[in-house]
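Next up, some structures in structure tokens.
Next, two complexes with chain A in common: one pairs it with chain B, the other with chain C.
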Partner chain A sequence: MQSKNKIGMILLYIAAIILAVVFFFPIWILILTSFQPSNLSVYAKYPSLILQSFTLSNVISSFKTPSNGLVGSLLRSLEVAFIVGFLSLGLAIPASYGLSKISARISNKIIVLLFLVNMMPGLVIAIPIASDFIRLGIQNTSPFVVFSVAFAQELVVLPLTVFVILGGFRSLPKDLENQARVDGANFRTAFARLLIPLNKIAILVAFLLAWMTSWDEFTYAVIVAPIAPSNTTFPVTLQNYVSYGYPLISATFALVASVPVIILAVFLMKYLKGGYLSGGLIG
Partner chain B sequence: MATPRGLQMFKYDSLNKVVMLNTANDNTMLPRSDRIALKQNLLYFLFALPAVVYVISLSFYPAINVVYDSFIFKDKFSLSNYTGLVGENLYPALIDTLIVSVGALLIQLMFALAVAMIMIKPFKGNRIFSTIVIIPFGISTVVSAWVFSEIFSAIGGYANSFLILFGITVNWHATSTSELGIVMFSDFWKNTPLIALILFGGLSSISPSMYEAASVDGAGPFKRFLHITLPAIAPLMGIALLIRGVAEFNIFALPLVLVGYSPPFMNTLIYSNYESVLNVGFAYSASVILLVIIMIYAAIVLALGGAPKYAK
Partner chain C sequence: MTTKLKLQKIYKRYGSKLVLNGLDLDVEDGEFMVVLGPSGMGKSTLLRVIVGIESLTAGKVIVDGRDVSNLPPNKRDIAMVFQNYALYPNMTAYKNIAFPLRMSRMPAAEINKKVNEIAETLKIADILDRNINLLSGGQKQRVALARSLVRNPKMFLLDEPLSNLDARVRFSARTELKKLQKELGYTFMYVTHDQQEASTLADRVAVLRNGQIEQLDDYEHLINAPKSRWLGDFVGDFPMNFIDGKIIGKEDKEIGFRDSWISEKGNDLSATVEYCQVNEDIYRAYCKIDDEDEEETTPGKRSVVSDDKKTSVILRVGKRYNPGDKVHFSLTRYNVYLKGLLETSVTE
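Up next is the complex of A and B:
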């Protein structure tokens, strides 16, 4: 038994190391290209797999050239992501509260409906919206673009945020709200002072998921927001720069910009492991 | 370790069911008569109404527009947008999208399960492993596509720097099969972490005593996996298949950056036709075809057991 366990442990470590190497390898390449002179990385035929020299020149030039398109669209992406995050809370908190009160038989059908609507291909929805904007001549008006991209991306994240927050509401004891009402709290106080605070982690997880999805979203953004870097979101500008002209500095800039998001992902993992993604499943 | 939420709720619910049999007013869980339940449900449904209206109006309305426009050719009602699409690489795009979607989905599920099963074992280095594995979730799709284009180049590239140590070099863009392969691999890398986290939720709801009891009764590792692990994660696999599957058919940014418009995918085909002003009709008809494929896929997933467990 003892030796069997030992073999199992060794196999576990081997599998873990192989998987970790596979998942880390592209990150390592990203580091190699970002912090080495370009003749050692993207312009080398067989670039070295180990770090040979270290430079910050890529990072510095990525913040300067070309005419700050990267920085501008990064800021726009942040605006869009926060609008998407708060909009999802505004829609998903009441929705999941209502659904948690409805019998599971019906509420689960509504959730399936939300997910089904979510299945429309992004381009199917984005193209008519974009052509309406072009017809109205407002496709280049900046605040308008920010909001329309955010409203379109909201479609992608809404079902998932409802699902996560619903899981939180369902895990609360059912009589809690009734007891607060008996003790004299009206509906608004019970909701604001009791239900929301008790559910704050699910709400935070939902917000961060919405934020991260919007941060990465490409399909809606490329159709609804025009390609000009002064007007579009970060992923679209990045795709533009990577494909036409400035791959190295845009990737470097993207790595630097990704560091906070990676930290966010690691932070989020703790809660996602706790089962928030399966939250609404058992009704 | 965090409490398995699924289990927790189940306890609450079974508790509530017992409690609720004795309370006359609260019939949200067990409707005594359907009419009272309906009235109550309707009131609470009002809370969900904004979200439902939002999603339906912003996706059904444009979708109907697209379906209608796909049948309009030169201001007349016709099928020309569909018949003309065949000459625009429709079949290769369909086949490539299907191959990559199904392939990537299978690889992702398999490896996500492996990752989740490692994550749940207590061993030294678990934290480091979990952190490394989650990183791709925080890297944006366009950036990961670019990294993989640096790794899998036609000539040279990082993959070949490794392979040349063994005297081999590969042109990753030589055939469309290998190009589909690199798209599949990049997609696997980016999206496996999220599925692993979904499945982890299911694995953590299994109590270790079940495995012990099963091995006392003589069940081997394979049997334990088949009869304990799989049933516990089946509903979560359903969710993963639904969320990820739909996203797979909609794969867009990855192939656009990695391989451009050839080999074609449904979405890159739609986009290239949308970009060329003359062919917008083709973009509409291709969108409708993609929509139909996704609906068929969703129907299959829901019929195959997603639905009964999901919306019981």
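Up next is the complex of A and C:
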């Protein structure tokens, strides 16, 4: 029995290592491309998988792109991601609180309804949205474009954030809020002093999920924001640079952009293991 | 004494189920009122309606002469201890106790003084800075109690606050609770299904059944003169015995008597012992009443009446009986019930 368990563990670790290598491989290629001269990476006939020389010239030249280029779109992406993140909290916290108050039989159906958007191909939804935004004139004017992209992305993100926060609310004992009311707190105080702090991890997870989804979202960004350097978010700009023939610059910048996502993903892992994703189904 | 809480024709409906059905109840100032009832009879709902967490379908809740039926819980100034204590898990014991005071915008210095005072009274001063998740059941119960006591509300509602404690802690908590209530002169309304708690704590006991108060009395009266057959069955450590009235010459009526209301000197009645239970020096015999007709049949001949149709009774007897033995006894005291309701109490 003991040895059987041991073999099982070893096999599990081997599988985990293989999986990790598969996932890490693209990032390694990215690193190789970013920090080596082009003749060793993109223009080599048989590029090596080992780092052979080290240079920062790619990094430097990628940050020297015109102001509306990569740096500009990176900042725009940041803006969009934070708008999406905060907007989803603003909408999902009240929505999931309300859903947690009605019977699970009904609220689960509403959740399914919310996810309906995610079941359709993005293009089907993005094109009508884009045409509406054009009509409203918020599509190609610079201060609005950030919001129009954010609103479109919100559509995809919101069901997920509602689901996660609802799981948090449902896992709280019902009597806690009642007790706070009995102890003299009005609804707003009970919400701010008790329900939000008790649910902070679910809220944080929801925010980060929204932020990350927006950060590398492509379909809505490319359709809703017209492809002009002053409008596009980072993933779209990156795609442009690749097709314009700047693979080195793009690779470097993709690496730069991946770092925050990787850090967030590692940070999130701890919480995603918890009941926050399944919590929404209980009851 | 003045009336602290007055409930007038309280109705509460959940869907098609009427949980509270026109309930009337007065609680006096400084009284320890225990609401006793089997599970699922709406005891908790009653408290929730009084405190304002659940809305009333109809009726009035009057506290200190003021109709609070339509006020939210935070405006009613009634404290409640929930069955699971509902302590705030994101706060320390101190902050839990201080929460009601902070809600009433009391200055911090005064809060500090009051919390320490109540913690001293309840002997929890040493655990104030602990996270409540690290407390034992008894400590949690004290913190919950302290949180309700600290703000000096109009009255207290307690929803089976001792049911989550182990037997020994429960016993000491019970006596302490009673002492505290009497010393401070608070009005308590305490919900339980535990007869022992009702008998030791209550000034008066209200028995809840089908959304109404079946009887409101002190515990002794409930035991001796339950107003209905159902109450006789429900109240007391052992159910009241009920036998057909015609055995002692009262046609169409039922005779109810407690296990101790018998004398083995007489022989008006006889019963066959099924088994005998010994509890310290008290012997209780679980018997089937012998039918009068059966008495006349010759011994050894099997009775025509099958055993499960015979009436079961529990008798407190003077010695150990073996299964199959006959007990001869007469009643020293009994209640007469007509159609399930008390008619008279007779002591012979």
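Worth pointing out:
As a working rule, the second predicted complex is superposed on the first by the 264 of 283 C-alpha atoms of A that agree within 3 Å, B and C clash if a C-alpha of one lies under 4 Å from a C-alpha of the other, contacts with A are read in each partner's own complex, and residues count from 1 in each chain.
In the analysis below, a contact is a pair of C-beta atoms (placed from the backbone, for glycine too) under 8 Å apart; a residue touches a chain by one contact, two chains touch by 3 or more.
Given the structure is predicted, the values throughout are model-derived calculations rather than measurements.
By the touch criterion defined above, A:198 lies against chain C but remains apart from chain B after alignment on the C-alpha atoms of chain A.
In the superposed model, A:103 lies in contact with chain B only, and not with chain C.
Contacts of A:54 after superposition: neither chain B nor chain C is touched.
Look at A:115: by the touch rule set out above, it reaches chain B but stays clear of chain C.
Of the two partner chains placed by the overlay, only chain B lies in contact with A:23; chain C stays clear of it. Touch criterion met: A:183 reaches chain C, while chain B stays clear of it. Of the two partner chains placed by the overlay, chain B and chain C both lie in contact with A:173.
Within the superposed three-chain arrangement, the count of touched residues of chain A is higher for B, of the candidates chain B and chain C. In the superposition on chain A, A:244 contacts neither chain B nor chain C. On chain A, the patch touched by chain B and the patch touched by chain C overlap at residues 173, 175, 178. The residues of chain A lying in touch with chain B in their complex are 9, 12-13, 15-16, 19-20, 22-27, 29-30, 32-33, 41-42, 44-49, 91-92, 94-99, 101-106, 108-125, 127-129, 151-152, 154-155, 158-160, 162, 167, 170-171, 173-175, 178, 212, 215-216, 218-219, 222-223, 234-235, 238-239, 242-243, 247, 250-251, 254-255, 258, 261-266, 269-279, 281-283. Interface of chain A with chain C (complex): residues 173, 175-176, 178-187, 189, 194, 197-198. Those residues of chain B whose C-beta lies close enough to touch chain A in the complex are 2-6, 8-10, 12-13, 16, 19-20, 26, 28-29, 31, 37, 40-41, 44-52, 54-56, 58-63, 65-66, 69, 111, 114-115, 118-119, 121, 123, 125, 128-148, 150-151, 155-158, 160-162, 164, 189, 192-193, 197-198, 200-202, 204-205, 235-236, 239, 242-243, 246, 249-250, 252-253, 256-257, 266-267, 270-271, 274, 283-284, 287-288, 290-291, 294-295, 298, 302, 307, 310-312. By the touch criterion given at the top, residues 48, 51-53, 72-74, 77-80, 82, 84, 86, 88-90, 99-100, 103-104, 147, 151 of chain C touch chain A in their complex.
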